[in-house]
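Structures incoming, each one as structure tokens.
In what follows, chain A forms one complex with chain B and a second complex with chain C.
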Partner chain A sequence: MNKKIISFPHLGSYSVPIEFLLTHITPHEVLIAPKITNKTLELGAKYAPDTVCIPFKYNLGNYIEALELGANVLFQAGGGCRYGYYSEVQEKILKDLGYTFEFYSLVDVDRFKVSYMYKTFKKLNPHLSFFKFFYYLVLTVLMVFYMDRLDSLIRKNIGFEIEHGLHQEVKKDFLRDFKKTKGFFHLHRMFRMYKKKILRIPIKKPENCLKVGIIGELYTAMEPFSTYFLEMELAKMNIEVKRFTDVTYLLFLKALRRRKMLRDISKYCTYTLGADGMDNVWRTWYLAKNHYDGIIHTKPFGCTPEIGAIPIIDKVAHDEKIPIIYFSFDTQTSEVGVKTRLEAFYDMILAQKGAQ
Partner chain B sequence: MEYFLGIDIGSVSTKGVVLNEKQEVVAESYLYTKGNPMDAANRVIQELRGQIDEKIPIVGVGTTGSARKLIGTILNATVIKNEITAHAIGTLSFYPEVRTILEIGGQDSKIILLENQIVTDYAMNTLCAAGTGAFLSSQAERLGVPVEDFGKIALTSKSPTNIAARCTVFAESDLVHKIQMGYKKEDIIAGLCKSVASNYLNNVAKGKKIQGPIIFQGGVSKNVGVQKAFEELLGEEVFVSPKGHLMGAIGVAILALRSKKRTLFQPNFDYRAFETKGFQCNRCANHCEIISVRKNNTFIDSWGNRCEKGNLMIQK
Partner chain C sequence: MEKIKIGLPKALLYYKYKDLWTKFFENLGCDIIVSPNTTRETLENGKKFVLDEACLSVKIFMGHVFYLLGQCDYILIPRIACLKKKEKVCTNFMALFDLCRNTFDQKFLPYNIDVKKNETEEYAFIGMGLQLGFSFKKARWAYWDAKSYEEMIQERRIEKQKLELAKNTPSIKILLAGHPYNLYDNLLGKEIIAYLEKEGIDIFYSDCYDPKYLEIDYKKIAPKNYYTYNKEIIGSISFYKNFVDGIILITTFPCGPDSLSNEMIIRNVQKPLLTLLMDELNSDTGLVTRLESFLDILKLKKEREEEVHE
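Our next item is the complex of A and B:
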């Protein structure tokens, strides 16, 4: 058998921790798929079913570009919506296209299970001891946790930096350094250093700046390309951004907070809505209670759990009188249309804030 | 006295106004864009010039509409604003108590909700052009009736034909079917007006609480049939302002007045000196679609570019 080369789809900057994990627990080469571009999306859209949600198309495009570069082992995760079927369908489409590769899903049916993941990786590395696997898994999860902490700090301040681009530079630096993590203490030291670095970047932030919360489906929340770099646009408008969804949230906070969230919004929801539906209803309520100026809801076109949640979100937003705007992304979405609506949203929340 | 120019360059028509300091319209113009926004803007400016004294100083220019960026760059506008804000501001200056603005234009339609003179919610059609002016014009052609007479003809109908709404494709095939079945022309036209209104309420105004006073504007508001259909469906009076088609231009002129920036505008500009070039940057797989504007071969502005690589292309 030829040399194995592992690859996986992109999601924001999470290729860093995934690459870290894979290089340490398998002896194989890891290939990072080329950065997402329009070509990625075109490739994905060409071979995917037309009405499938857009993350499927991005993932498929990533796979094809990686396969073209020689990858032959592919990974996929899964979730509580159509995402749960991605791996099977994508494997079939790629096999039909004539590629030869091994395909692994990290998720057993619907949930992340450490034992299932261990079994999967054991197939790629028969000598992998459970201890070694567990050590690197925890280290990787901690890295994700620190990345998310630094990211949310950046989101708070990036709209107010005096010299343009400094936050982005720090982000590049810590991603580069995190790749070379030697152990828990090393990682923790780097985290503290970069946190200080971010806080030391000179900013000019008014006391009552505009604050906006981003809610919605997970892929469009975490992959900036899929929303035409929505967060960057908001930063240009000098807005502080709060975003709930990141991998830390999906791995831990979501399950931990479920009961509390349902209690808080018992007026609106008795059960969960699938995927992040109920979470987004709670977030709407939370953002209103914490005096945010507006909410932006993003989802892929045809995202069923969010479509189910939107009428409830609408009602909460109406009851709490918080402005909300919905964006649906697809291959056909016009960037100009998104910008026009976003500009109008900015004008609206600014005027409402002024009227208070 | 200072004067301000507002231009709204839409997909189908281009509108222009000149306002004085008291926000009174001293000149207005409305003509078809005909697929050439630069030429249309030029014609609007020439028409406005004819209506006012040559010597009055225009100290601020605002642009809105889908070609706002292009024309704004060429005219060196002080304000470039999206059409939602511009329409809200313009309408508020005439009707401060308005709560709902229904707007149907040539290519897009929107709803704006206001409370205490502040926009509280808005929506724009996203996926489908059904129920916009362009759809009505094309169907008018099919029926052999000038679109301007649509409203009057619709009012003569006693039993409007039911025509499928939801989507232009459905509406059109249903329309053809009803014509071939032998329905009367006026009933079909009235049905068409009704389907435009109900399509708008189901798609654009979906889930929004529509409260009076309601104002209906945009090119389609000149169609009495649609106005009447809205009144029937909403059970409330729907006002159409005689200046409804100009609201965007008025709004953006007001914004130019409110902004602190002042530059004297030269109305005798020659748009032919400007050249726009649209191209695809091939320096990476992103293939950004870049538009660059030049005047007498010197670079003025560009948009659509995402990175440094594109900057090199633009300067060439």
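Our next item is the complex of A and C:
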């Protein structure tokens, strides 16, 4: 029998917890796909259908690069829009290209079910007991939760650090250490240590600094390469960034907050709009109520839920008088164009802040 | 009491549920206003109210809603999230009601179908009847009557197409596959149908398809597909492909579910297939040229097959 090598597409720095989970519950080797570059996108765009959204192309590029390096078991997740149907089409495209591999989907039609995941992993590792699977799943989810907490802390302060690059270093350190997690207490101790470390980094933060919220589609929000490192650009401009979408949000908070959000914005939305549409309308309202200076909305070209939500978001922003800018990312989007528009937006909110 | 006027925009789901809707409101004794056929002007009007990235069918829909503004008491815009368990529809159908409510200053009449949360079609229609001020009994009767009427009409259409299939005429047979709102729209599909009819071709439509066989049929092409409307298209292609000479797929730019489902169809169906991607800037000449060359290929192929048989 051939040796099995598992791989999966990138999503920000979440390859760390996924690798942790896979190495502990399967006996097989795990291969992290090469970092996303322009070549990844080119490869993906070459074989993907024309009108599909850009995350499909990135994922396909990741798969091809991993398969070239010898991976033969691939994983895909799913979501509320056409993301849920990625798995079958990608499997078909890659099989037509002549690769041999096994393909597993973690999500069964939009529902994130533990039993379905267990069945999937059981195919890879027949000796896997449910208790062991559940233990490592909870540990991984907790790791994701801590990662997101630390990330949001960093996002708040990174624009104001005195010595450049300290936050990035801490991030690298905790990602490296989280890989070697031994158990719940170990993980918790590491979390507290790194939280202290981040708070101890010297910063120079003025009281009324510029605050900007990033809303939009999930892939462009979480994968920095797909937006040409938008958050880093904002940090260079000394702006505090608030971002809602992370994996913790998608797993738990989204379902928990749905009714409250619908109640808050009942003036604009009677029903949910599919995927993160309604959430983004609520975020616009929330950011305006909490006196943020501007909103940046990112999405891939042709993202159907966001297209339905944007006219409503526009109306909310108009009613609440908060500046908003939309970025739509495609294979043809130029990095310079994005930066120019971002700079103009920065100048605008800065002038507005000064006028008040 | 004055009759309530209900406006039905002649776009998107109108083509699928027109019998159900018209019969339901007739039973309740409401006046129905249907917007006229799509023209260039409808599209131009609709374009103003949505994002430029929205799909062509949605732009046309907004144009129809714009036409109906101020002419009726309510405009019907269904909100559909989930029609069967473990299935979904395009998110546009979830968002359109709120989108229109925020864009236009007009009363809209929604009905919400979300089977995942136990809100069935019957429940939704009775709720709509109650909202219009009719009694529960009357609304329920109106729905049941309309539903049986719709089923009868659909059965008749399927029977008619089956009979045509059984005739086995020597002319070329083509399956027109796509969403009903694209196939029958005056601006999109009508031109293609008119051209094919002029050329003397037997046309079959993907929406005249017996859903009895759906669960077996669609699995032959895309087993994991969960879009209710796309499943029907895939099922009909899988059913008709052995009887027709060629398939024409009609899609609007940039349709979300179609972009992935069509890829599966193109890769899995071994038949001459033409994909027509319609957008705002379509030219009639370009369309006709592509259709012409496709028909030429089919004719050549058929002649060769006949030679081999002889």
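Everything below uses one rule, namely that the second predicted complex is superposed on the first by the 356 of 356 C-alpha atoms of A that agree within 3 Å, B and C clash if a C-alpha of one lies under 4 Å from a C-alpha of the other, contacts with A are read in each partner's own complex, and residues count from 1 in each chain.
Keep in mind that, in the parts below, a residue touches a chain if its C-beta (ideal position, glycine included) is under 8 Å from a C-beta of that chain, and two chains touch if they have at least 3 such contacts.
Keep in mind that this is a model prediction, so the values were computed, not measured.
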item	value
Fit or clash - chain C, chain B, common chain A	fit
Partner chain(s) touched by A:S328 [first = chain B, second = chain C, both, neither]	both
Partner chain in contact with A:N38 - chain B first, chain C second, else both or neither	first
Which superposed partner A:P311 touches (first chain B, second chain C, both, neither)	both
Chain B versus chain C as contact partner of A:V114, first or second or both or neither	neither
Touched partner set for A:L69, first chain B, second chain C, both or neither	neither
Chain B versus chain C as contact partner of A:L256, first or second or both or neither	neither
Cα-centre angle that chain B and chain C span when viewed from chain A, reported as a multiple of 10 degrees	80
Contacts of A:V52 with chain B and chain C, given as first, second, both or neither	second
First, second, both or neither for A:E343, with chain B first and chain C second	first
Partner with the higher number of touched chain A residues, chain C or chain B	C
Partner chain in contact with A:L199 - chain B first, chain C second, else both or neither	neither
After superposition on chain A, the shortest CA separation from chain B to chain C (Å)	5
Contacts on chain A seen with chain B and repeated with chain C across the two complexes	311, 328
Complex interface listing, chain A residues touching chain C	49-52, 80-82, 84-89, 92-93, 96, 105, 109-110, 268-275, 277, 301-302, 304-305, 307-312, 315, 328
List of chain B residues in touch with chain A within their complex	66, 81-85, 116, 118-122, 124, 126-127, 207, 209, 284-287
Chain A-touching residues of chain C, taken from the complex the two chains share	49-51, 53-55, 79, 81, 86-88, 90-92, 94-99, 101-103, 110, 112, 222-227, 253-257, 259-264, 267-268, 277
Residues of chain A that touch chain B when the two form their complex	34, 37-40, 311, 314, 318, 323, 328, 332, 336-337, 340-341, 343-344, 347-348, 351-352, 355
